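Okay, got some structures for you below.
Next, two complexes with subunit A in common: one pairs it with subunit B, the other with subunit C.
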Partner chain A sequence: MKLRRLLALVRKESLQIVRDPSSILIAFVLPTILLFLFAYAVSLDVQDVRLGVVLENDGAAARELAAEFAATRYFDVLPVRDRREVEGLVVAQKLRAVVVIPQDFDRRLAAGSRPAVQVLTDGSQPNTASFIAGYAEGVVATWFESRKRERAAIGPTATGPTVALQPRFWFNPEVESRRFLVPGSIAIVMTTIGTLLTALVMAREWERGTMEALFSTPSSILEILLGKLLPYFGLGMLATLGCGLLAVTVFDVPLRGSWGALLALSAAFLVPALGQGLLISALARNQFIAAQVAVFSGFLPAFLLSGFLFEIESMPPLIRALTYLIPARYFVTGLQTVFAAGDVWAQLGPNMLAMLAVGAGFFAITARKTRKSLDR
Partner chain B sequence: MNLYRLTALTVKELLSYLRDPKSRITLIGPPLMQLLVFSFAATLEVKNVDVALLDRDHGAWSEELTARVRASSFVDELLPVDGPDELRELIDTGRVLMALELPDDFSRNLIAGRPAQVQVILDGRRANAGQIALRYLSDIADRMNRDLTFELGTIRGAPAFGGGVPPPEVAVRHWFNPNLVYRWFIVPGLVGILAMLLALLVTGLSIARERELGTFDQLLVSPVTPLEIVVGKTVPALIVGTVMGNLMIVAGVFALRVPFTGSLWLLELSLVLFIFSVVGIGLMLSSICKTQQQAILGVFSIMVPVILISGFATPLENMPTWLQIVAQASPLKHFLIIVQGTFLRAQPVSDVLANAWPLAVIAACTLTLANLIVQRRLQ
Partner chain C sequence: MVATVEIRGLAKRFGDHPALHPFDATIEAGRLTGLVGPDGAGKTTLLRILAALMAPSEGSVRVLGHDVAREAVGIHAEVGYMPQRFGLYEDLSVMENLRLYSHLRGLRGKDLEATFERLLSFTRLGPFTERLAGRLSGGMKQKLGLACALMAHPKLLLLDEPSVGVDPVSRQELWRMVEELTDDGMAVVWSTAYLDEAERCDTVILLNEGRIEHDGPPEALTRRLAGRSFRLVRPDDDRRTLLAKALDLDGVRDGVIQGHGIRLVLAENEPRAAVDELARGAGAAVEAVPPRFEDAFIDCLGGGPGGRSAIAERMDPVEPDALNGDVAVEARQLTKRFGQFIAAERVDFEVRRGEVFGLLGPNGAGKSTTFKMLCGLLEPTSGEARVVSLDLRRAPSAAKRQLGYMAQKFSLYGLLSVRQNLEFYSGVYGLTGGRRRRRIEEMIETFGLERYLGESPETLPLGYKQRLALACALMHRPPVLFLDEPTSGVDPITRREFWSHINGLVRKGVTVLVTTHFMEEAEYCDRVALMNRARVIALDSPDALKARAATAERPDPTMEETFIALIEAGERRAEADPAGRAA
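The block that comes next holds the complex of A and B.
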C-alpha cells in the first residue's frame, strides 16, 4: 500500500463528491429537513384529538362529566347532538372518537346503580384509539372520585388505601418525543450516506466499467476500496457533526454525553454502513438495483426495525432475531443514550462492538464476492 | 401522436426494467418482502418488557403488587435489585424499560387505610413504549385498588371508601378494528408508500438514465415527438405502479388477512390517480437530473419528507397547522386516507371522492409541469 496513491484516490473521490450537487443534497440538505421535521413537525405526543361528546342527558352530573372531557389538554371536544350522526363523522375522520353519556346517566347515578359511559373510537388508527380509550377511563374515574369526595365532604387528601403510582421519566422528564426522535434520525441520515450513497457510487463504477479500469492501474484492491470509502467516511462524520450541532443549537435537544462518544459511535456505525453499501454495489453492479436494494435493506430497516419508531421487544421472535443483523439497531440505542443519558460506556461499548462485528461480516462477504467475480 | 410509435416506446421502456432477471426480481421481490416483514414488525403494543423491582417493604401487600405485575402479559422478566445503584445501572444501560420502587412503609400505609406511594421510573429514551407500559401498570394498580377498597376499606369502617357506588362503567368499542390489530393499520399504508417509491424510482430514473448513457440524443433524432416521449415514459411507470400496487393489495388481503370493506373500483381509480401524480413528480425530477445518481438521491429526498408528513407514522393532527396545509399538496396524504378508508372503514363514495379530487388536481398539475419542463429541455 502506498500512501501517495491512496491520497490521490481519496482526492479524486472527494472532488467527485464536492462537485456533485446530489451528494451535498443528501449529506446536508436532507438531514436538515429531516431533523427539522422530527423536532417540530412530527410528534408522537398525542394532542388535540378530535373527540365528539354526545350528551343525551341534560342532568347536572352528565354536564359536569362532559365539561371534564373538554377541560383536558389532549382532547378537542366537539359537542354532537345525536348518536346517529356519530358514525358518519368517524368514518369521514372528522372525529377520532365519541363519548356517549346516555340518557339514564343522572338517574342511575342518583339511584346508586352503576351508569355506563360509552366510548366509540376509530380503530383504523389503533394508536390513537387505545390512547383515547385509556385516557377516557381515567377522566371518568377521576371525575367520579372527586365527586364522591365532595359528597362525602372529606378532604382531598384522604383517599383511603390505594396504590398511588408516581411515574418519573428519567432523561426526558417532559416526555417530549423529539428528545429521542431527533437523535434517532441521525441514524437514518447516516444510513443514507453510508449505505445508499456508497452503493450508488460504487455501482456506477461497475456499471460503466471504470471499476475494471481502476483495477488495471498499479493500485491494489485495498487502496482502491479505501480510496473510495474514506471520503464517504469523512462525509458521514461531517454530517454527524452537522446534525449534532443542529440538534443542540437549533432544535433544543441537549447532548448530555460527550462529543467524543458521539463521534466514536458514529465512526463505529459507518463501518457496517459502508460495508453494506460496498457489498450491495459488488452484488448489483447496476445503479437501479443497488438503489432498490439499499433502500429496502438499509434505509427502511433503519426506520422500522431499529427501535427508532417501533419497539424491538414487541416484534415477533423471528423478526427480533433479524434485527441483530441491522447495524442501525445498535446505533439508534447508542445515539439516544449519548444524547439523553450521557456516556454510559456499559451500554455504548457492547453496541459499538456489535456494529464493528456486523461490519466485519459485510466486508468479509464482499471480499469473497469481489475476488470471485474478478476471476470470472 | 402516433399510436404505433407510442407502443414501441412503451415496450422499450418496460423492457429496460424487465429484461434483465436481476432487475425484474428487485422490482417485484423487495416490496412484497418488505410488506410482509414490516407489517409484522410494526406494532405499538408493548410486550416482553423487563422490569426492575426495588422492594424495601417485603410486606404482604408489596408481595401482592409484585405478583400481579409479574403475572401481567406485558412483562417478560421481573428483576429484583438490592439498592438504588443497581436500579440506576439497569435503567442506564437500557436493560429494563421500567423500575418500581416500593418504600418500606408500603404495606403499613395500606393497612392503616392510607395511600401508599410507588415510584415508577421509566426510561425517557423510550418514552413512547414507557407511556404505554405505564398505562398497563395503571390498569394493574386500578384493579388492585378496587380489591383493596373491598378488603381493607370496609375493615377500617370507612364507608366512603368501601361501600357505595362503583364508578361508572366505561364501555369501549373500537370500530373497524375491534382488537386494534396494528397490522390492519400498517398494511394499507405500506401499500401506498411502496407503490409510490416504485413509481418514483422508475420514472425518476427513466430520462436521467438515457441522458447518462447517451441514448437520449438518439431518441431526439428519432421521429418521435416530445409529447410522445412524455407519454411513453408515463404509461410504463403507470403500468408498473398499478400492477405492483394491486399485487400488494392482494397480498394484504389474502396473505396478511387485512379485511377489505370498501369499494375496489374506487380504490383502483384512486390508485391510478395517485400513480399519475407521482409519475409527474418523477418525470420533473428526471428531466432536471443529469445522472442516475442524482435522480435516485432526488427521489429519496422527496420520499422521506413526503412519508413523514403523510400521517403514516404519526397522526396528522399532531403537526403544526402550517405543515398540515403543506401536506395537502402531498399525493400520499390523500391516498393514505383512501386506502386505509377502503380497507377498514368501508368508506362511502362521497368520502373517497372528497379525497380523490385533490389527487386528480395534483396529478394534472405535476403532469402538465413535467410535460412543460421536458419539452423545454428537448428544445
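The block that comes next holds the complex of A and C.
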C-alpha cells in the first residue's frame, strides 16, 4: 500500500462529496429533517387527550372524581350529563375516550361498596387507547384510595396508610419520548450515511466505468476500498457531531455522558455500517439495486429492530434473536446510555465490541467477494 | 522482435455463454492494431483480459512478458487502458482527473510536471484545465481519457471504442495522436464497431460472435475481393428497386445503395456478365471499384441477405391523399433547451412524401432531441413540428396515429413475451377485435416470429429483436415511420436486412425519417441533414453533399470526410463573420 495513492483517492472522494449535492443532502439535510421529525412530530407521549366525562350522578363524590380527571395535564375534559351527547363525538374522533360515572355512584359509595366507573376508549389507536384506559383506571383507583384514607383519618378507628407511593422515573424524569427518540435517531442518520451513501457511491463507480479505470492502475484493492471508507467515516463523524449539537442545543435533550464517549460509540458503529455498504455494492454493481438492498437490510432494521421505536424485550424470541445481528441495536442502546445515563463503560464497552464484531464479519465477507477483477 | 502481447489458445466463457472461442494472436510494438467487430463480438472482453481485469477461462496471455492471470500487478503498472466512456470522474475538473491518475501512477516531482505539460499540449486541453470533465464535449472527454491512460508512459495502450460519441473532427485528431504514439514505438489496440475504421489500422483482428475472422493487415482481407466490387451509376430505374433486383441474383454476394446508384459485390469466381446485364436493363453504367473492408467482412460471414422484404410486400401502398399534400413532416425553427444547455437550435427542414430522410451526426449532436420533438415525445422550447400537416401541439393524438416510432435500443418489454409485446403495441395503436388479431398473425408470419412467441424479447437474437421492434412500429400501417438509431449496435448483416425492409416500405410510399451515427448509412437516404452541436450544418442529397466536399486531391470523399469538410467549412465561415451566428 502506498500512502500517496491512498491520499489521492481520499482527496478525489472528498471532492466528489463536496460537489455532489446528493451526498450533502443525505449527510446533512436529511438528518436535520429526521431529527426535527423525531423531536417534534413523532411523540409517543400522551398529553391533553380529549376526554368526555359523563356525570350521570350529581352527588358531591361523583363531582369530586370528575374534577380529579380535569386536574391532570394528560386530559382535556369535556363534562356532560348524558352519554348520548358524547357518543357521536367519539365516532367523529373528536373525543378519544369517555368516562361514565353512573347514576348509582353515590348510593353504592354510601353502601360501602366500590362503585363501577366505565371507561370507553377509541380502539382505532391502540397505544393511546390502552394508555388512556390505564391512566383513567389509575385516576379512579387513586381517588378511592385517598378517599378511604381521608375517611379513616377522620373516623375513630383510624390506622391510616403509613406508606405513600411517590413514583420517580430514572434517566428520563419528565418521561418525554423525545429524550430517547432523538438519540436513537442518530443511529438512523448514521445508517443512512454509512450504509446507503457508501453503497450508492461504490455502485456509481461501477456504473460509470470509473471502477474499471481505477482497477487498471497500480492502486491495490485495499487502497481503493480505504479511499472510499475514510472520507465517509469522516462524514459520518461530522454528522454525529452535528446531530449531537442539534440534540443538545435545539431539542434540549441533555447529554449526560461525554462527547468523547459519543464519538467513540459512533466510530464503532461506522465500522459495521460502512462494511455493510461496501458489501452491498460489491454484490450489486448498480445504484438502483444497491439503494433497495441498503434500505431493506440497513435502514429498515435500524428503524424496526434496533429498539429505537419498539422495545426489543417485547418481540417474539426469534425476532429478538435476529436483533443481535443488527449493529444499530447496540448503537441505539449505547446512544441512549450516553445521553440519558452517562459514560457507563460497563454498558458501552460490550455494545461497542459487539458492533466491531458485526463489522468484522461484514469486512471479512467483503474481502472475500472483492477482488481487483471484473470477473464476478 | 518480441511481441508486446502473445495470445495462446485464449478462450473466455461467462457461465455457459462463450464470449471468446479459443484463438492465438500476437500484437506487435509500434503498430496500431484494430480490434474490429460488431457489438457483442467480444472486443471489450478481449481488451479487459489484456488489461488484466479479467482472467482467461482457457489458454494463456502474456502482456509485456507478464502473465495476465498471475502477474496483474506488472500489467497494471505498464499498460494504459481507456475503458468505454473514458473512465473519467465527471464531477472533477480536467486537472483533478489528471492529478488523480498521475498520483495513482506514482508520478512525482519533475517527472510529473513534464508529463502534465507534454500531455496537455499533446491533447490541446491546456485552456480547459479548470473545467469539470462532465462539461466537456465528447471529443474533449475522449482526449482527457486518453491523457489519463497515457499517464503511465505505457508500452501498450488499450482503447475501448474511443470513437463512439465523438464528432468526426475530434475523431480525426485522435487518429493523429495515436499515429504519433505508434511512431514512438508504442503498441496501440483500438477497438471499434465501425468497419471503415479498420482500413486505417496497420493490422486488424476481426471478431464476430467471439471468433476471429481475420488477423492481419486489412489489405490482406480486402485484396481477396479484388475485381469483385462494382458500382452501377445513374440508373433510369429507382435505385431501391434496382438493389432489390440485384440482391436476388445468385452471383451477387452483397449490395448497398450508394449515392444515386448501387454498389455490388460478386461471389468468388462469379462472372460479371450478370451485373452487366442488370445494368443494361436499368440503363446504368458499370464501374469497377476497389473493395472495401466491409465488403470483405460481409464476404467472410457468407454474404448479405436477399433484397426482398416480406413486410413491405404485404403492406398496401400508402394512398397519395393520405398525407394532405406533398410534405409528410415539417420542422420549423425547432429549438429545445434543457436549462442552459441547447440540445437543438432552430432546426428547419421538410420531408417529402415517400422520402427517406436521414438525420446524421455524432452522439449528442441533437438528432434524438429533434426526432422526439417531431414525433411529439418532447415539447419544443420554440418552433413548430408537423406530421402529415397536423400540428403536434394542437392535434397530438391525430398526428401520432399517422406515425410509427421505433426507439433507440428497440424499447421492447423484457418482461412480456414476444406475443404479448405485439398485443400490447397493437392495443396502444388502437387496433381492436378481428383487425387486431389479423395484424398480429400477419406480423408473426411475415417476420418469422413463430418460434419465439413465448420468449422474452431480451433472449432473442439481435436480428429478431429488430424485426419485432419494426413489427410493433408498423402494426397500425403508419404512412410515416420514425426510426431512432435503428442500427446502432447491430452487425452489418442485420443492418442490411433492416434496410431491405425500409427500402421495400419506401417503394410502397411510406415516408421514413431515420437517425444514425453510421456515416455510411447516409447513402440509403434520399436527403440528409448533417447535425453538429445542436445545429443542422448542411442539408442535401448524399451525392450533392459529397460534391460540395470534393477537392482535387479527393475527388470522391466518403461521407465521413464530407462531414468533416463541411464542419470545418462552417467553422471557417463563423470565424470570418462572427456576427453571422447571432444574425
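Everything that follows uses one rule, which is that the second predicted complex is superposed on the first by the 331 of 376 C-alpha atoms of A that agree within 3 Å, B and C clash if a C-alpha of one lies under 4 Å from a C-alpha of the other, contacts with A are read in each partner's own complex, and residues count from 1 in each chain.
Methods note: a residue touches a chain if its C-beta (ideal position, glycine included) is under 8 Å from a C-beta of that chain, and two chains touch if they have at least 3 such contacts.
What you see is a predicted model, and the numbers here were worked out from it, not measured in a lab.
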Touching partner for A:Gln16 - first (subunit B), second (subunit C), both, neither: second
Which of subunit B and subunit C A:Leu37 touches, first, second, both or neither: first
Contacts of A:Leu274 with subunit B and subunit C, given as first, second, both or neither: neither
Touching partner for A:Asp122 - first (subunit B), second (subunit C), both, neither: first
First, second, both or neither for A:Leu305, with subunit B first and subunit C second: first
Partner chain(s) touched by A:Lys2 [first = subunit B, second = subunit C, both, neither]: second
Touched partner set for A:Pro218, first subunit B, second subunit C, both or neither: second
Partner chain in contact with A:Ala328 - subunit B first, subunit C second, else both or neither: neither
Touched partner set for A:Ala282, first subunit B, second subunit C, both or neither: neither
Broader residue contact with subunit A after superposition on the shared chain, subunit B or subunit C: B
Set intersection of subunit A contacts, subunit C complex versus subunit B complex: 20
Residues of subunit A touching subunit C in the complex: 2, 4-5, 7-9, 11-12, 15-16, 19-20, 208-210, 212-219, 372-375
Residue ranges of subunit A in contact with subunit B within the complex: 20-23, 25-26, 29-30, 33-34, 37-38, 40-50, 87, 90-93, 105, 109, 112-130, 133-134, 136-138, 140-141, 144-145, 148-149, 152, 154, 159-173, 175-177, 179-180, 188, 192, 196-197, 200-201, 204, 284, 286-289, 291-293, 295-297, 299-300, 304-305, 307, 309-311, 313-316, 319, 322, 333, 336-337, 340-341, 344, 346-347
Touching residues on subunit B, where the partner in the complex is subunit A: 17, 20, 22-23, 26-27, 30-31, 33-34, 37-38, 40-49, 65, 76, 89, 91-94, 97, 109-131, 134-135, 137-138, 141-142, 144-145, 148-149, 152-153, 156, 158, 160-161, 164-178, 180-182, 184-185, 197, 201, 205, 209, 289, 291-294, 296-298, 300-301, 304-305, 308-309, 313-315, 317-320, 323, 337, 340-341, 343-348, 351, 354
List of subunit C residues in touch with subunit A within their complex: 48, 51-55, 72-73, 76-77, 79-92, 96, 99-101, 103-106, 108, 148, 152
